[in-house]
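Quick heads-up: structures coming right below.
The same chain A turns up in both complexes below, where it pairs with chain B and then with chain C.
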Partner chain A sequence: MDFGFKISPSSAVNLDNVDLTLYNRLLEAEPDICKCIACGSCTASCPANRFSGMSVRKAILNLQRGKEKETARMLSNCMLCGKCTMVCPRGINTRHLILSICKLYKEEAK
Partner chain B sequence: MKENILIIGGGIAGLEAAGQLLKLGYNPIIVEKSDHLGGHVADWNRLFPDMSPAEDLVSRLIAASSEANIFLNTEISFVNRLKDSWNIMLSNGISIITRILLFATGFTLFDASKKEEYGYGVYNQVMTNSDLEHWFNTGQDERIPEEGPAAMGFVHCVGSRDEKARNPQCSKVCCITAVKQAIEMKQKFPEAMIYCFYMDLRMFGKKYEDFYISAQKDYGIRFIRGRVSEVSENIEGKLVVKAEDTLSGKPVKVTLDLLVLMSGIVCNQQTCKTAGLLSLPIDSDGFLKSRDNIADITEAPREGIFYAGTCTGPKTVPETLAEARSAALEIHNYILNGM
Partner chain C sequence: MRERFLTGYNDFVLPFMIGMIFILSYCAISLVRIIMQLPKEDRKKFFISLVTPKTIAKNIRDIFCDCLFHVKLWKRNKLLGYMHSSIAFGWFMLIVIGHIEVLFYVPHRAKLFYFPIFFRYFVAETESTMKGAFFFFLMDFFLLMVLSGIALAMIKRLQSRLFGMRRTTNPSFLDLIGLYSLWAIFPLRLIAEGFTADISGGSFLTKSLNHVLNSFLSDHTNMLPAWWAYSCALGVFFIVLPFTRYMHIPAEMLLIPLRNAGIKIRHARKGLAKAQVYACPSCGLCIDACPMGVMKTHIKDTTVYLNRQIRRNNEARIEEISDKCLLCGKCTAVCPVGVEGDKLRIAQRSIRRYAINQDYSNISAQMLPISPGNISPAAVSAPESAATVKNGGKVLYYAGCMTALTPVIRKSMESILTKAGVDYELMDKDGGLCCGRPMMMAGRFDQARQMVEKNTEIIMNSGADTLLLTCPICYRIFKEKYDLKGIEIIHHTQYIDRLIRSGMLRVDKDTTRYVFHDPCELGRGCGVYEEPREVLSCAGELVEATKNRKESICCGGSLGSLSLGFDKRKSMTENALANLMAGAPDIIVTACPLCRSTFNRYADRPVEDIAEIIDRKCVTSAAGPASLNPGGSN
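Our next item is the complex of A and B:
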């Protein structure tokens, strides 16, 4: 039946159902990932952000919330310029982190 | 004759000040309303950031002030102003004449049941930071299952930075206490999933930041920025906690076996009553008003009255102890120089 409208799916994250297997594997390779304080320096300095919405902060957060596809999509816009590594106050090697995430997800996709 | 100094409150501030005043050759008299010394710290288990036992600190302070006159289960009934001193009548019938009063009356823990949306006193699995410390000390609490919770959460800022609860101030110590308690729970139950729901994490003190990083790196505690909006119970009797993950801008939902509310530091109503007897002003945050909030925090606007510890606002243990020593020195100077 067509009511002329439809219910949009909930955007809520249910932490009970989040599968963190891949994230935990990433943690082993990149233990510094949990040092992130979500300050947003990486996003603000990212030249790709204006055009594509690329943000390392959001990429990390999406992984923690089980939204891996969104992270993969986001990272495809990264130019690996390394500006985010330069500005990170916690000294996280974000460039290396991005490469590690890509590598892990590629393995997973196989 | 040794000068009498009346100390109101036998918590760590009162005890430390009494110990220092004894060393300076005075006669401190401690009036404590409860049946034990050490105040809130005596009910705590371990203290951040070095996890030193609270019991050690309290027993050291008690030993150092053992020569003082101590009245437990006693309150101040009324006060008469004499020419240059006060006649203080205690609830046990004893009257004390003194020129000098030291308020070390401390704080009250926020009553978490006032925040009904968190379900304290409604759901069985909701407890406060102080309940958890009590469990660390005694091992007795029905809310904590023997095998430990599979998932648990900490809610920061309960009754702090909350204008509706009439406590706009930050309680200062809860952020780090939550991190400490989360680590302690993870040490006891390594399999447990632990979440902290926070607004800001205020890691201002020595080694706090290291502590926070260790909680994430070494213990895998998950921090979610967002105030818990609602706690409910599902059909299995577990807690369903809802919040907004403000970093991603999406609502989150999680099922927990245990929820710990970080009750904040609020002003002690009884202190305000006693302050009223002496016509002492209350500051806009509800705590006692010092002569000057920067230079003379330990002095009241009235001569001969001094403050130490959390009666003037939330403070950590080392800050309280430092203030008690400072107040003792101020009292010493006042007696020597009359100023």
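Our next item is the complex of A and C:
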């Protein structure tokens, strides 16, 4: 029967099912991730944000939730310009973080 | 001269001959390998340059000036220059005169390789030498010159500060063997020739030594051990040479023609990069030059150690060293042999593989400002700007990412342009693409090229004939990698200088003291030193920093470093600031948004961009900007 609407699939993330092996490896290489306070300065300054929704804050969050595909899609337009590093109030080396993510995670998501 | 031995041979020449044959074949094989590793077009370029008279002359001049006379070291420090040139030039002359002696006195022995080296052992003096007045005197003179250089080298090991070097390289084990054998060669030669001086003749050094030796070692059989020792020292030096820093001697002679042929680094480890790594003499001048050197922990991350690790194929350390560097290019600027530390590091970064590779094909030019469908109404309604392109058409102002974070620079620049009556348009008002230089610095050339292509499309479609940049980082890549036919690429320091010269801007002069900090990418990167200084001296009194121009110290904020954290950069910024204080300036001026914000964090006095100063100081009332606009499109 068509009600004209559907039940949308659940967007809940079950953290028990998330495989965090890669994230833990990233954490080893980039312990600074823990410093992030999710203030969003990086998002606000990012020139790639309007093209691929790039945001270092969200990228970190997505990885913690195991949403690697989303992160890879965001990163695909990063220009490594370094603005996020300059504005980060916690002094996180976001450029190196982005390069480390690029090294560790796969691209297949695209 | 007559010969003492019919055979013209003695067993002691063997160590020398083994070493010599080894090093010659090693160099020949390496030479062929490096040339074969060059890309085809580079190899062609190289061979053509070898037969072009102009480059031949330049090669010969450079080899004499750099390898023998060490002109660059003389300019740095007289004692350092004398030490190196006395050893290199003195030794060279000993070899040349040695060969002339053989050709002159015993020409039939010229085909024997070792004969010029051990000449004095094999001959006995006759009347023909005029008691050693000419050749022997020269030989002794140059031997004394080399010995004085060796003595200085020994002193330098203990007191490098006398030679203008605060820190020198830590020699490796093999370097030390090479060093000691090199030091031993010339004193041993003196003793060996001293023993034979009463037979073969000699001059002021060897003859006098002979009298001393004869007084307690009168037996001639004592001479053989001395000649053996001399030959062994030479043999050991030649055998260890390929594995020590002394490989720079043959490698530099290859590097000079390669450089003069205009070849660039194309591969991280092969071809030119390899020639550069081997041409590094481990002198350690880059250690004092490196802005990271203010922290002792970074000393092993300088170019000289990068070269050493590349020779050892120590991948972990190569990655660490090449990622940490700020790419300020100062080591390249001070290097006496022309090793390009910054480019070498970018090349190392470029061989790294990433699983996620950025791709910008989803970004169309329409999504960006200043594209055909997106031209602002102001530009469209100014048709005369197209008609008078030759007469100085529209200026396209690309602020860039870093200027976007320091909006005061953009505001000041726009204000200056308005005051001067220049018809301009902003390329990235609501955000644009990055210029590609940061990506290039990270060694990801494919990604950078995509950005370059996108930006080129936008700029070519904008109808402007001048591209104005307020960021030296952008300026450098626009100069080096963009192909913008008919569009002049200009940095704002140059543009302001031009506006002032042509009278479109008038600046009030007062007694404020300014110091100009040369940003790495503008100064060493693009060679722009004069224009900012010209501009500043129009606005006030210009004072100089202790280290300026080519030797200016990086502010520490550089995007070049991938791994250097925020906390590690503070001491570098403070060191760079201290350097600027020499003339007690009132205001620190720079021409780079990144330097400005980095300095601003720790400086005890105002830090401003050159555009801010000029905007504040320029007089608008003098006459209508229109009438002052000689080349403009009014």
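As a working rule, the second predicted complex is superposed on the first by the 98 of 110 C-alpha atoms of A that agree within 3 Å, B and C clash if a C-alpha of one lies under 4 Å from a C-alpha of the other, contacts with A are read in each partner's own complex, and residues count from 1 in each chain.
Rule of thumb we're sticking to: a residue touches a chain if its C-beta (ideal position, glycine included) is under 8 Å from a C-beta of that chain, and two chains touch if they have at least 3 such contacts.
Please read these numbers as outputs of a predicted model, since none were measured by experiment.
In the superposition on chain A, contact of A:56 is made with neither chain B nor chain C.
In the superposition on chain A, contact of A:13 is made with chain B only, not with chain C.
In the superposition on chain A, contact of A:42 is made with neither chain B nor chain C. Legend: residue contacts after superposition of the two complexes on their common chain; A:97 is shown touching neither chain B nor chain C.
Look at A:84: by the touch rule set out above, it reaches neither chain B nor chain C.
Judged by the touch definition given at the top, the superposed model places A:64 against chain B, while chain C stays out of reach.
For chain A, the partner that touches more of its residues is C, with chain B and chain C as the two candidates.
Interface residues of chain B, counted against chain A in their complex, comprise 195, 213, 216-217, 220, 222, 225, 245, 247-248, 250-255. The touching residues of chain A, when paired with chain B in their complex, are 11-16, 31, 34-35, 38, 57-58, 61-62, 64-65. Those residues of chain C that touch chain A in the shared complex are 323, 352-360, 362-363, 367, 401-402, 404-405, 431-434, 436, 438-439, 442, 444, 447, 451, 557, 559, 562-567, 594, 597.
By the touch criterion given at the top, residues 32, 45, 47, 50-52, 72, 75-83, 85-88, 91-93, 95-96, 99, 101-107, 110 of chain A touch chain C in their complex.
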